[in-house]
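Structure in structure tokens, see below.
As written, the chains take the letters A, B, C and D, and residue 1 is the first residue of each chain.
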Amino acid sequence: MSMESLQTRFFELRSNRFFELFVVSVILFSALVIGAKTYDIPENVLTAISWLDTGITLFFLVEITIRFIGEPDKKHFFKNPWNLFDTLIVVVSLIPIQDSEMALVGRLIRIFRVLRMVSIVPELRLLLNSLIKALPQLGYVILLMFIIFYIYAAIGASFFANINESLWGDISIAMLTLFRVMTFEDWTDVMYETMAVYPFSWLFYLTFIFLTTFAFLNMVIGIVVNVMENEHAQEEKEKALAEGQLTIEDLSNQIEELKALIEEKHRDK
Amino acid sequence: MSMESLQTRFFELRSNRFFELFVVSVILFSALVIGAKTYDIPENVLTAISWLDTGITLFFLVEITIRFIGEPDKKHFFKNPWNLFDTLIVVVSLIPIQDSEMALVGRLIRIFRVLRMVSIVPELRLLLNSLIKALPQLGYVILLMFIIFYIYAAIGASFFANINESLWGDISIAMLTLFRVMTFEDWTDVMYETMAVYPFSWLFYLTFIFLTTFAFLNMVIGIVVNVMENEHAQEEKEKALAEGQLTIEDLSNQIEELKALIEEKHRDK
Amino acid sequence: MSMESLQTRFFELRSNRFFELFVVSVILFSALVIGAKTYDIPENVLTAISWLDTGITLFFLVEITIRFIGEPDKKHFFKNPWNLFDTLIVVVSLIPIQDSEMALVGRLIRIFRVLRMVSIVPELRLLLNSLIKALPQLGYVILLMFIIFYIYAAIGASFFANINESLWGDISIAMLTLFRVMTFEDWTDVMYETMAVYPFSWLFYLTFIFLTTFAFLNMVIGIVVNVMENEHAQEEKEKALAEGQLTIEDLSNQIEELKALIEEKHRDK
Amino acid sequence: MSMESLQTRFFELRSNRFFELFVVSVILFSALVIGAKTYDIPENVLTAISWLDTGITLFFLVEITIRFIGEPDKKHFFKNPWNLFDTLIVVVSLIPIQDSEMALVGRLIRIFRVLRMVSIVPELRLLLNSLIKALPQLGYVILLMFIIFYIYAAIGASFFANINESLWGDISIAMLTLFRVMTFEDWTDVMYETMAVYPFSWLFYLTFIFLTTFAFLNMVIGIVVNVMENEHAQEEKEKALAEGQLTIEDLSNQIEELKALIEEKHRDK
């Protein structure tokens, strides 16, 4: 059998609805296996699971190979980040692991196989892409928020380090504490502690809460407005298409034609 | 009296405003009885309440029967899920219960009778329907959120199970703990505990919070945009109707008529 | 001096910018007095404050009288709920109070005098009116939310009363506990306690949180859409006015006139 | 070298991309130095850091001088609040500090140097300006919220001061406690404490939560609607420009011209 006909056959297989469903089922099954491992299970079941694991790894290897061979343009295959992600997950899980340190990494890799669900189901891929696309637009808001965090953490670490070392010990711990304050998690305990030494430190917390809440709101509204605008633009386009693109311009042209007609009729006489 | 005339009479009764109000009153009263039972009440009042309960059950039986007989198309009756729900509630509460295990179920059924309020008041039915309709549209966001939860729970159960069995013992407990982290409920206590063993585990919590908050926001914005669009489309339709549907097309036709008129007038000469 | 001229003069006084500013200052001062009373203050200052209090009461009495006499249409005066509120506050604070029980009520009345700020400043009155107007529209969502609360409270009080009397003792306490769960305030403590007896009670809490969050979201979106629509409608109206109300209809009429003109011109010949 | 040519040269330098990048790097480096100081560091590194600090201060002094000389219109320089802020930060950090009390202020000034990031990067400056611009519009909502806080704090301080001095001692402490209740931080602990004395005090907390949540929502919606409208208005403007501003008015004028043409043609005959 020639290489070309193999490619065509695998391309068909890969686009096959049942093949897709089967791959999704294997991914779901591998997720269940991962979940099962977190329960207390007898030794022989554990052995069975490790065999299942190897089976899933091999199946994924075969599947990726089919996808690769089925791809008409080989260069295109690795330009798709999802294909790269799939290949990486499969290749890494092939490496035999003995070391207990690496065993943890091996486990992590097996867990991330669940993410292949996103790379297979087009709707999920679309959703994640739109989430990722929204991020850079908000880049400056996130930068501003980071500056606010950094300044408040520097102030906190300078003034409150002696009060509670585990909350304000250094700037990184202080930033974690501030994130906690931002989520309102026992923030009054943190505040009352420092207010015992600096009675006006409530100003520190209240201004921080106001600033971050305001910046966060701004971020959310930014996303809303952006999504709305895109939806609106698309709607307008569809509407124009549906109406046969009859616009005010068309009317204007019609009137112009009418004018020309009258001119012509009167010239003829 | 013929069956037909009975049906007509019951149909009228069922559509009667006072009958509706009376049914709503009985439902409200049954809700009050359910509430009263949760207080410490003397034995004789309890007996009175149990008689009232039987009375309400019988009244609901009569009411459902009236509705059924009053329905012109009997098949249509059971196609309405609210009618099915009403019938189920009434039929199940007719079963005499002795067993203490079943007594709890009986109590639950009596509580769900309050939900009949929703099946009677059209505005509430409309509201609940719109809530239920919004759900499938968000299906993929919910699926993505579940995948995020599953992956983080698998990681949490793999690494933190030895630290706190009651929070990270298996994958289902870990998912409950993650839901708790998502609601910011004492999440720092959970984090500080694991940070004592894995100092970088704050990354686990912070990325989880960012991902779920972002996905949740996306879900909310999805609902908002959807509701807005529906409202907008309906508004446009109403506006078009109110204006006698005078559109750019109508204008275009008018101009075309004018053209024809001029052509005709000049041909006549 | 005739009654009429007095009315005119007081009407002018009442509309005077400086009089308004002075009344606002007195209200602010009365707010400061109320605040001052909450601090530990020496006896003689307390006496001075009680004299100030009487002074403020008398001033408000005079001010209300001026407003009433200044009103051209006396019946109109009491149709305004803000005037009723102002009069009530002033009249009640005139009643001399000896009894310690009533002293608390007297204090409350004095505190509510700060609300006169809202009745004086037009922008605040407008804002509060718009908040109050938004409420009835959301009536059915609030009713649905109350039904959800009632059903869950009835279930909670039936099943969990033996576990924790102070949280689930009767239906009203259970509703307060559920409100606490809705605000995520130590809700896991409440859940873990009942999960020890009923291991599946997490379903109770999670479904409750989902339902109330969803209903709350719906409420918020309802307000947003409503506000947006009103803004949009007003904008359209203003735009139409600014454009001299030139609409598609106007164009249609213009074309009709043109038609008539052509018809007429050709008939003349 | 003449003063003018120096100004031109410095103006060019100041607009130079590399100069900007270098200034941003120095600010980032100064932020890192501030962060490093919060860690436990050996004495000699501390000395090095204090030298670095002086270096950064001198660099900023030179930079501000360049900006000032480079400015064509000197008066314009101090009209820009960001320039004022930059100059203030630099001048204050020049003052030698010995006193330990003042040392804290000196540290604060050094931390605020990170804010120079905002004054340098135009996008961040724009973002902060838009945040500041949004505030006054919400002025009345914030005033209303303050009145709600004040009234509830006065009631709380009057009735609950004897129950818990540290939460309701005076009106300012009571306002802080109410802010805590608004963020749902352990608010039930505060409530249960007062409910032991006043069983109906849950009404106090629930009405407060409803009022503030409602007012906050209103504030958020106010920002959203405002941002949306601005975006919409700008969009409309751009659209009009893109379409060559062909509006219904233009059409109307065209029809009027047509009318005039017909009138003229028939008059000619």
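Rule of thumb we're sticking to: a residue touches a chain if its C-beta (ideal position, glycine included) is under 8 Å from a C-beta of that chain, and two chains touch if they have at least 3 such contacts.
Since the structure is predicted, the reported quantities are computational estimates derived from the model, not experimental observations.
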| item | value |
| --- | --- |
| Relative to subunit D, chain with the most remote C-alpha centre | B |
| Copy pair subunit C, subunit D: interface residue numbering same or different (half cut) | different |
| Gap in Å, rounded to a whole number, between the CA centres of subunit D and subunit B | 41 |
| Between subunit B and subunit A, distance of the C-alpha-averaged centres to the nearest whole Å | 29 |
| Multi-chain contact residues (two or more partners), subunit C | 184-186, 224, 228, 248, 251, 255, 258, 262 |
| Touch-based graph of the chains, sorted into line, ring, star, complete or other | ring |
| Interchain pairs in contact, sorted by label | A-B, A-D, B-C, C-D |
| Complex contact set, residues of subunit C against subunit B | 140-141, 143-144, 147, 150-151, 154-155, 157-159, 161, 169-171, 174, 184-188, 202, 206, 209, 214-215, 217-218, 221, 224-225, 228-229, 248-249, 251-252, 255-256, 258-259, 262-263, 266 |
| Subunit B partner contacts - residues on subunit A that touch it in the complex | 31, 34-35, 37-40, 104, 107-108, 111-112, 114-115, 117-118, 123-124, 127-128, 130-131, 176, 179-180, 183-186, 220, 223-224, 227-228, 231, 235, 243, 246-248, 250-251, 254-255, 257-258, 261-262, 265, 268 |
